[in-house]
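What follows is a short report on a single structure.
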Amino acid sequence: MSQTESAFANAHPTEQDIAVSIRGVSKNYGAVEALKDMSLDFPRGQLTSLLGPSGCGKTTLLKIIAGLLKHDSGEIIVNGKNVTGPGPNRAFVFQDFALLPWATVMRNVAFGLELRGVPRSEREDKAEKYIKGVGLAGFENAYPHELSGGMRQRVGLARALSVDANVLLLDEPFSAVDEQTRRKFQEDLLSLVANEKKTFIFVTHSIEEAVYCSDQIALLLPRPSRVHEMIRPQIDRSKGVDNIPREPEYLDIVDQIWASLRAYVE
Amino acid sequence: MSQTESAFANAHPTEQDIAVSIRGVSKNYGAVEALKDMSLDFPRGQLTSLLGPSGCGKTTLLKIIAGLLKHDSGEIIVNGKNVTGPGPNRAFVFQDFALLPWATVMRNVAFGLELRGVPRSEREDKAEKYIKGVGLAGFENAYPHELSGGMRQRVGLARALSVDANVLLLDEPFSAVDEQTRRKFQEDLLSLVANEKKTFIFVTHSIEEAVYCSDQIALLLPRPSRVHEMIRPQIDRSKGVDNIPREPEYLDIVDQIWASLRAYVE
Amino acid sequence: MQNRALYLKVLSALLVFGAWEIAGRIPVSYAFPTFLESMAALARMTFDGSIFVAYAETLKPLVVGVAISTFLGIGFGLWIGLSARFDWLFSPIFIVMQAAPLAALIPLLVMAYGIGLTSKVFVVCIMSMPVIVLSTSSAVRNTPASMKEMAKSFLAKDYEILLKIIIPAASPMIFSGLRLGVSAGFIGAILSELKITPTGVGDIISYSRSIADYPSMYAAIFSIIVLAVLFLNLLEKTENYLFKGNDRGYVTD
Amino acid sequence: ETLRIALAETPSDELAAFFVALDRAKANGLDYEWTAFSDEELAIQAILSGQMDIGFGTPYSAMQRSRAPIRIIFQLSKLKFFPVAVKEYTDLSQLDGKPIMLHSRGGGTDSIANVIEDRMGIELGERSYVPGSSNRVVAMLAGQAEATILDLSNKNKIIAEAGDRFNVLPMFDVDASDEALFANLDWIQENEDQVNILVAALVSVWQDVAKDPTIVSRETNPDGPIGQLPAEILAQLDGFYTEAVAGGLYDPNGGGRTAAMADLEWYAASGQLDGDPSELNIDDFWYMAPLDAATK
Amino acid sequence: MVIMGYKLPNMSSLLIWGLLWEIIGQTGLTFFVPPLSEVFVTLFKIIGTPAFVKALTETAQAFLAGVFFAIAIGIPVGIFMGRSRLLDELLLPWVNIFVSAPLTALVPVLMVLFGFGMKSIIITTTLFGIWIIILNTRAGVRQINRSLIEMSRSFGASQFDAFTKVYFWAALPEILGGVRIGVIRAVKGVIIGQLLISIVGFGALFELYASNFLMSHFWAVLIVLFALAFSISEFLGYLERRVSYYAANRS
């Protein structure tokens, strides 16, 4: 276990370390009970994955934390404060990308900054950097309908990263990108977690990805959604990303999670 | 190697076995060269995966085969006939789902059949079956905006399966569904390939998925897109899906593909 | 592509003008001049400058009225689209305005605002504002929810959601409303010149009609149409320039 | 074949006598239908394009300028217009240099204004145009103008509404036509019979009205377009015709040559006809045969 | 609009405006605006008279026919223009011309070409209503998510199917918006036609009442006309609300 890793492992979440805490949150859509009395803590400077069958309420939970949806009961505490609406400390990557069709890639990426009142030249410099970062250099002036699915998703990602929020809510951010981009992004996220102490809440359907990246994984089971299990994988990433798939330690955690999820289905 | 497997391996594509063949196809979007002089054969009753970085033209290629986009040069031959437009022998699963927002799940799934003139009660029976098949029973009367991302994707999948075409073009069909659903669907596809001799052309970003499911994998490299390598993984699926991730044979192929793709990036 | 569009325009113009010329020569009616006669009249009015004098007069109420309607109309439209309360209170007014037979109401306007510019501006506004308001408000209600949500997550203030999401998303509808509004404004300007006081182009039309100089009458009508079309093309250029990405092209391409 | 008549206004009190005449003509076997237009230019256009047979108006410039052989067959009313002004002015000569509100450029009131200038030796001030007598009444009532020229019924209305503020200025007599019936010469000659019936009926009514103006209200068909008018309007019929006859609005003989001569002079003076009136040929403008037959 | 938990009907705000009218009328500010109550009394007096019934049927016939053509021609043309560049290039200049042509100035031309009867009035009505329907439909179609169209094509939709099952529905919110405005404009068109072409129907009543200063008669007819416009607009508004569940969920 590397030094950083063990530090994380020891720093068991104490009061002041919790970046986001949800307590007894419920949410119904008409007759559909999406979330029921859910409580979860997201420690600061860690990456928490939400893993669960589709339709179990992951997007709903993320939107509630972001302040985009009203919950029916319970409370959301971000940085010690009860929140009811969106705030500058949280940025969102949308499952359906939510790009502005009338705006270029540049304007879309800079849109978060634009809304924060950053002057044009400054925000375009910054956006430029993130556009490069997600591998879209050269497409600054393209419109969303001229991009492939994965490219659109990366625009949404760049937009969220560029506003420099300290809690990032990512709803299946890599579902449409290719393997090598995904791996690069994973490394980028991990370095943001390690170096800038950002807090990530991350929805994914890939158990492997969750196990590889997460400090903790919340397994959710559906209707109404509840936390089934919390797992802290503590993978030793120093072995190199290419070798990890062969590590029995890693494979065991993946299998264990898979077993939990499958148990529910059957 | 199982019997079926070896049979496949031996049956090297001869003239009459090719379901879809593309010859020297090029496609430009204005200044962007998406495909250049691409040739590829898709044998009947096999599953071919297209694997490549995002934006390399996979969707473009699939849409050209489906007859939805005009190619600039070259030809597309489906079942021995040159095609220029869509036909009943091909069904498409869209990367962005393409659901009718004004129609219920039932109507959306039955829409392909509706367009083929199948009478209402018959097509609803059939749709009902496929809705169950993708795990959406109980949501027949929900509208797309009331579904989660993964549920929407499954509606699109059910719609394509229900029309019973013999060539299925799937553009990242499992990107938004959870692991257990994905595995179930993979099994379903494999059984369709084995039992009904359907031809699948399958875009995915998951190397593991490609290796596990495919009879052959086309690695594409971008701008302009060309076929970099053809791989015939020939995994012995009889070992059981749970154990395969630990098979060195499987892991080696994954690594080999990954190395190819990465080589390009770096 | 560019050229084809131009050819098509020229070709269809030739067809229509040709048909006009032939219809005038038959003649379908003694009150229906040929295309060439009308153009000759137009040329005459252009060279002696009378058409410019007339337009200087006609454009006054038109420009003022259209400017007022555009700003107030979009403003009201947005407000109605956004606030149920406002919708409840005010949309009936615009429906009434839209349906009101203006020609019949002109005595009322004359009574209230006299026979000068104010009445004419009023006529232009009554004609053009309701379409703009109604188009804008229905477009506002159809703004994609996911984009509003996205903007909210990035802390857009209400006015920013309005300016940066709702207006661009509604812009195709707003612009089609604007087009109709502007053209209704043209109708209003002419109507007021025919019905309140004949000045400007309305005067040319009614005077040449009363002295049975039909070529001049048709020339005046023709010139208004040309002007209106030029104006609308300008509007379309503006739309394309401002909201380029909204243009997703044609399905047939 | 049905005779198609193009009216230049909606049926109201001024047209009551005409409809009485139509009823009489119908009794004599004339089959007709009518359409109302908003102004006489439209009625003229309708005749020019052959969509209507007989129209209302004074189409002198159309007759001179268009290639269509249009002829007048009957004078319905004379140009009886009334200069109305605020109480300060009591005589036409006081209007020298004062702004005046008229119907439209080149229209009947414009001609009257031209002739007033001529005969009184004055120069009117700025002319503003407000189409529609009733609109001019409104503008006067609202204080938008000080002087205007109105027709009989609107003159009555403004005096009834605000007789304390406005008065009617005395004016010279005019014999020229305000409204006349006209048609295409070819059509007239093809349909001589119908035209004769119509003109005969008109002459008989015009002569009866001259003797007893109340005959109009008595003979009006209660189910016809006039009979259906609101009671407020019907109540005024007798008063209107009594005053009209007294004011010489109608020529019992349908105008004829006198009217034609007066018209040429008047419309030439007012600028609607080009050329010297003495050199113009009456037969290019009027078709006298039916009227001659009816008044024999 | 909801007040204290009560859902007020949509046009109930008219009561407030009606009250305002009554007050202005009662103050006798101008004889042009008689009190609303007086107008209603007049309305009941004239509503059964043959003249009124005849005017109403004439107006209603012209209006319904005009609106029918505006919708039946406008929607397909708008859809065609939205999806095909060739047709759009061919037709848009003319649509622009007609949309911008001061229709009142064109009326004389119409009369020359189509005569003075019902035909011209119907055409005028259609001309007032059709352009917004075409333009809105076109704008709606051009915004359609391309995937939906590709999807229907991939399942072998015929032109007709694509039309009735995808284009129409995807653009329906815009189409309804256009139809609503177009139909209300057509109300104005039918009256203008009845005033400028031949004076029949309600146009004749307006002309008659206005020129004889029968103001409460005038307003009574106007109220009938407004009621017509309102009920149509409300009906279409109701349809619009029916599709609002997906209108804001298209991308």
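A, B, C, D and E are the chain letters, set down in written order, and residue numbers restart from 1 in every chain.
Operating definition for what follows: a contact is a pair of C-beta atoms (placed from the backbone, for glycine too) under 8 Å apart; a residue touches a chain by one contact, two chains touch by 3 or more.
What you are looking at is a predicted structure, and each value in this text was computed from that prediction instead of being measured.
Chemist: Where the centre means the average of the CA atoms, what chain is farthest from subunit B?
Modeler: If we average the C-alpha coordinates per chain, D ends up farthest from subunit B.
Chemist: Would you mind checking which chain's C-alpha centre is most distant from the centre of subunit A?
Modeler: D
Chemist: Counting only Cα atoms for the centres, state how far subunit B is from subunit E in Å.
Modeler: 49
Chemist: Can you check how far apart subunit D and subunit E are, centre to centre, with Cα atoms defining each centre and the answer in Å?
Modeler: 37
Chemist: Averaged over CA atoms, how far is the centre of subunit A from the centre of subunit D? Could you give it in whole Å?
Modeler: Measuring from centre to centre gives 86 Å for this pair.
Chemist: By residue number and range, which residues of subunit C touch two or more other chains?
Modeler: If we look for residues of subunit C contacting two or more partner chains, we find 28-29, 31-32, 107, 111-112, 146, 194, 209, 246, 248.
Chemist: Specify, in ascending order, the residues of subunit E that touch 2 or more different other chains.
Modeler: Each of 108, 112, 146, 195-196, 207, 210, 249-251 in subunit E touches at least two other chains.
Chemist: Can you tell me which residues of subunit B touch two or more of the remaining chains?
Modeler: 96
Chemist: Would you tell me which residues of subunit E are touching subunit B in their complex?
Modeler: Within the complex, subunit E contacts subunit B at residues 145, 147-148, 150-158, 161, 165-166, 169-170, 172, 243, 245-246, 249-250.
Chemist: Mind pulling up the subunit B residues that touch subunit E in the complex?
Modeler: 63, 66-68, 85-88, 90-92, 94, 96-98, 100-103, 111-112, 114-116, 143-145, 159, 163
Chemist: Where on subunit E does subunit C make contact in their complex?
Modeler: 1-2, 8, 10-14, 16-17, 30, 32, 82-86, 88-90, 93-94, 96-97, 99-106, 108-109, 112-113, 131-132, 135-136, 138-139, 142-144, 146, 149, 173-174, 176-178, 180-181, 184-185, 187-188, 191-192, 195-196, 202-203, 206-207, 210, 218, 222, 225-226, 228-230, 233, 240, 244, 247-251
Chemist: Could you please specify the touching residues of subunit C with respect to subunit D in the complex?
Modeler: Residue positions touching the partner: 28-32, 106-107, 110-112, 114-115, 194-199, 203, 206-207, 209-214.
Chemist: Quick check: in the complex, which residue numbers of subunit E touch subunit D?
Modeler: It is residues 46, 49-51, 108, 111-112, 115-117, 195-200, 204, 207-214, 217 of subunit E that touch subunit D.
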